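Listed below are the structures to be examined.
Two complexes are shown next, each including chain A; its partner changes from chain B in the first to chain C in the second.
Now for the complex of A and B:
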């Protein structure tokens, strides 16, 4: 149990919770505000991470320019996905968005020259030339650490991620109370009524989708910096469902429920790593990994059955068709 | 070459078609987009593996065992999960998420029992039939024959049998069907049995055609199957059959050289989704769906 008492480990859990907060905040905008069933969020995350890494490594861009552009490209991808599909009914839209995220992963796996292929970003400059995209980030992280007199890189990362996350949470919570946010909620409750008041329903939805995609793109950049390396397998559809689980765990429609859900999820996900009491102690480490995901699947099912509104949510938000 | 691709497409398409009917019927009757279906197919394939390789049963018997097991598991899941959720009037979103949870549990269970290795059935992989310019493996012949029989059987069942008619009536207008005195619980039971049987059959056939399969192969099949369901119009069983065949043929033919040089085969899944997106733009209600349900 020594790892559990180590600060480094908990800082890592906190960083992941922060990244998941950004990722799920996008879903909160899309579903909590606009009622969009986006099941392809991980595709936008992948687009953000890859755009940043490719611009830095292949085009020699500064990270400070590449990152905003990566976020913009993720948002643009949201617009591109939304244009043909947002007119579809919710369930059709859900399926098409999963398909989108799988196409992104497929392209990332097979377009070796663009993305480094299945081996990931280590191959960005081609076979045999190891590459890094996070030099500027490490310098920035080191500078922040020096300024704050903190030695641990994970703790510095924790502070940066959560500063950004809290800022965006605050902005989103304000946005939800603006006329724009109210129109989105009205669309979610009754699309026809809102349209009959002369609101351009389609455009509002497109904006919500793009904004949520931008959050996912930013989460992708942080993910890339945290691990200094990534590949197509980091963007499995499972990640999207983790996001949905966090969203529901916290509560749909409440912006500040997202970090609560992400913290609980991060804790559960990390804690299940330490199932070393019977019957888990009879399993080898690969089998324990399966059991962990099984427990998470079971948790999703139980949550839906017993507390569909999450910890901070209202029940009406979830029973809506 | 063209003929060969067409036949290959019909083989994959017929597997998609069977699976798509299972997904579509459940959606039509229960308004549930069953995300666990891909992993149900995989579980069926692995149960058949257990019967065929571990117990040494003939392949046909193993497939039957898998189909029956999947039907039983489908009913069990309805009793412990889907029925309580119906009673609580869970929304579309809750049902979809719960099925994702089930999918995770099933896949990890397969990994836990059988491990991540590739598996193959105890059949002769080198037996090939040659008809004109077309070469068919034994697995492909078996698949196309079995799948055609299954498709006809499902079609006749839905069109002619009392249960099939009731199912179509309920998919069409649930409230009207209930008012006219249909035993809803019985219809739901029949729906799960058919969905389980098709999951088992489609899983075993897909595994046969691929010749080797791992625990993740069901999930990889799920997305083209969903594409087939949407292409045919969600909830329309005949549409799903047609959607599966169209998608299988379109995907295989896209690699034909006569078609603008052909698409790189690694992009076949992307072709499937492009077909889907184009089809949705032209006919958002699906090939056989009606405009009003969109």
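Now for the complex of A and C:
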């Protein structure tokens, strides 16, 4: 149990919660504001991470240029996915997005020369040449650590991720209160009524999808820096559903519910790792990994029963028709 | 009288059934025209074609001389023609005030670029829009509910909210889809007064689908009768009232 009292460990949990906050903030814009059922968010995260890594390693770009471009490419992928599909009914759109994220993963697995294939980014420069894309990031992290007199890299990462996350949360919360956000909320409730008031529904949905995809792309870059290398298997569909769990835990439609949901999810996910007492200790560690998901699932079931609006959601919104 | 809306030879089929079959009608500027007919006559389908929610298989629809039958709904609203739905479509999880503000045309705050680049213009317009929305809510006597979620309104209040909201879009012409359905007598009088008043003061043209023939006779200058997808006849309320074909269509007595 000593790990549980280690600051490093909890800093790591906090970093992951921060990355998931960025990731889920995208879902909040897409679903919480605009009502889009995006089940392929992890695909945009993968596109962000791979674009950044490939530009740095293969094109020799500065990380500071590659990262904004990676975010733009993720947003552009959102537009490309949205153009042919956003006119579909909600459930069809959901199916297309999950297929999209699997296509991204399989392309990343099979296009060895572009992505390093199933081995991941370690092979970006070809077999046998171990490759790193995060030199500039490490220097930046070191510089921040020196300035703040913090030795732990995890704590420095924690500070950077959450600074960015809080800034984007604040901007998104402001955006949600603008007339633009008002149109999105209207579309989520009743697209025909919104169209009948002169609003181009399709264009707003496309914007929401692209903006949410950009957040996922940025989450992908942070994920890449946190782990120093990654591969196609880091972008399993399960990641998208972690995002949805966070969204439901926190509360749909409220921007500040995202970090709350992400923190609780991160805590549960980390804490259940240490279920080494009976009856859990009778299981081997692989089975215990599933027990973790079951515990989180149970927490969500209880939440939906007793507090369907999420921890920060407004109850009255659930009962109005 | 000049024509504001002109539909010629509009046809729309669903799975081989002609819901609207070569229907033509003309709505004069500043008139109140009623569209009546038995259930299944094709009134709602024609309404959906005019408002852009359905694309006609054949025919032309012009608004003020400009063709609109290939335009999506939001373009038609911007061209000056707005509609309501049979059941009031309040956006229940938004406030009453936001429901009305939403309908404001040409709001720079609804564009991401001007939210960043023209913040002054956004603020100014939002203030104007809020004032205008509150005026409209006073008109329909919902101003005291401005900050409540519209889901807390009664069915009748939602009809009034629909009207205020649609006026916010500053249309030249309004399509009302069964405005009297499920409305109590007091509200009926109120809605009738609003329609007559809006035509008189703002010069708004109305096309109204309605089953309440008493309302049709009181409100409208012209009545168009549809049956089985076709326009059966049109005329003044008095002409329509006495016409045997209309009585036939409604009662089904093929005398």
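By our rule, the second predicted complex is superposed on the first by the 303 of 321 C-alpha atoms of A that agree within 3 Å, B and C clash if a C-alpha of one lies under 4 Å from a C-alpha of the other, contacts with A are read in each partner's own complex, and residues count from 1 in each chain.
In the analysis below, contacts are C-beta pairs under 8 Å (C-beta built on N, C-alpha and C of every residue); 3 or more make two chains touch, one makes a residue touch a chain.
The shown structure was predicted, so the numbers you read here are calculated from the model rather than taken from an experiment.
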Item to complete: Look at A:207 in the shared chain and tell me whether it touches chain B only, chain C only, both, or neither; answer first, second, both or neither.
Response: second
Worksheet item: Is A:197 touching the first partner chain B, the second partner chain C, both, or neither of them?
Response: second
Worksheet item: Looking at the overlay, what does A:185 touch: chain B (first), chain C (second), both, or neither?
Response: second
Discussion item. Under the stated touch criterion, name the partner, chain B or chain C, that contacts more residues in chain A.
Written reply: B
Discussion item. Which partner chains sit in contact with A:248 here, chain B, chain C, both or neither? Use first/second/both/neither.
Written reply: first
Item to complete: For A:102, select first, second, both or neither according to whether it touches chain B, chain C, the two together, or no partner.
Response: first
Worksheet item: In the superposed arrangement, does A:47 touch chain B (first), chain C (second), both or neither?
Response: neither
Worksheet item: Given the touch rule stated above, what does A:71 touch, chain B (first), chain C (second), both, or neither?
Response: neither
Fill in: chain A positions touched by chain B in one structure and by chain C in the second
320-321
Item to complete: Using the touch definition up top, name the residues of chain A that touch chain C in the complex.
Response: 175, 178-180, 182-183, 185-186, 189-190, 192-201, 207, 316-317, 320-321
Item to complete: Report the residues of chain B in contact with chain A in the complex, numbered from low to high.
Response: 27, 33, 81, 84-85, 88-98, 100-105, 107-109, 111-112, 116, 223, 226-227, 229-230, 234, 264, 266-267, 269-270, 273, 276-277, 280-281, 284, 293-294
Worksheet item: So in the complex, which bits of chain C are touching chain A?
Response: 51, 53, 72-74, 77-78, 82-85, 89, 91-94, 98, 101-105, 107, 109-112, 115, 122, 126, 129, 149, 151-152, 165-166, 168-169
Discussion item. Residue numbers of chain A touching chain B in their complex, please.
Written reply: 37, 84-85, 87-92, 94-96, 98-100, 102-103, 106-107, 110, 238, 241, 244-245, 248, 286-287, 290-291, 293-294, 296-301, 304-305, 308, 318-321
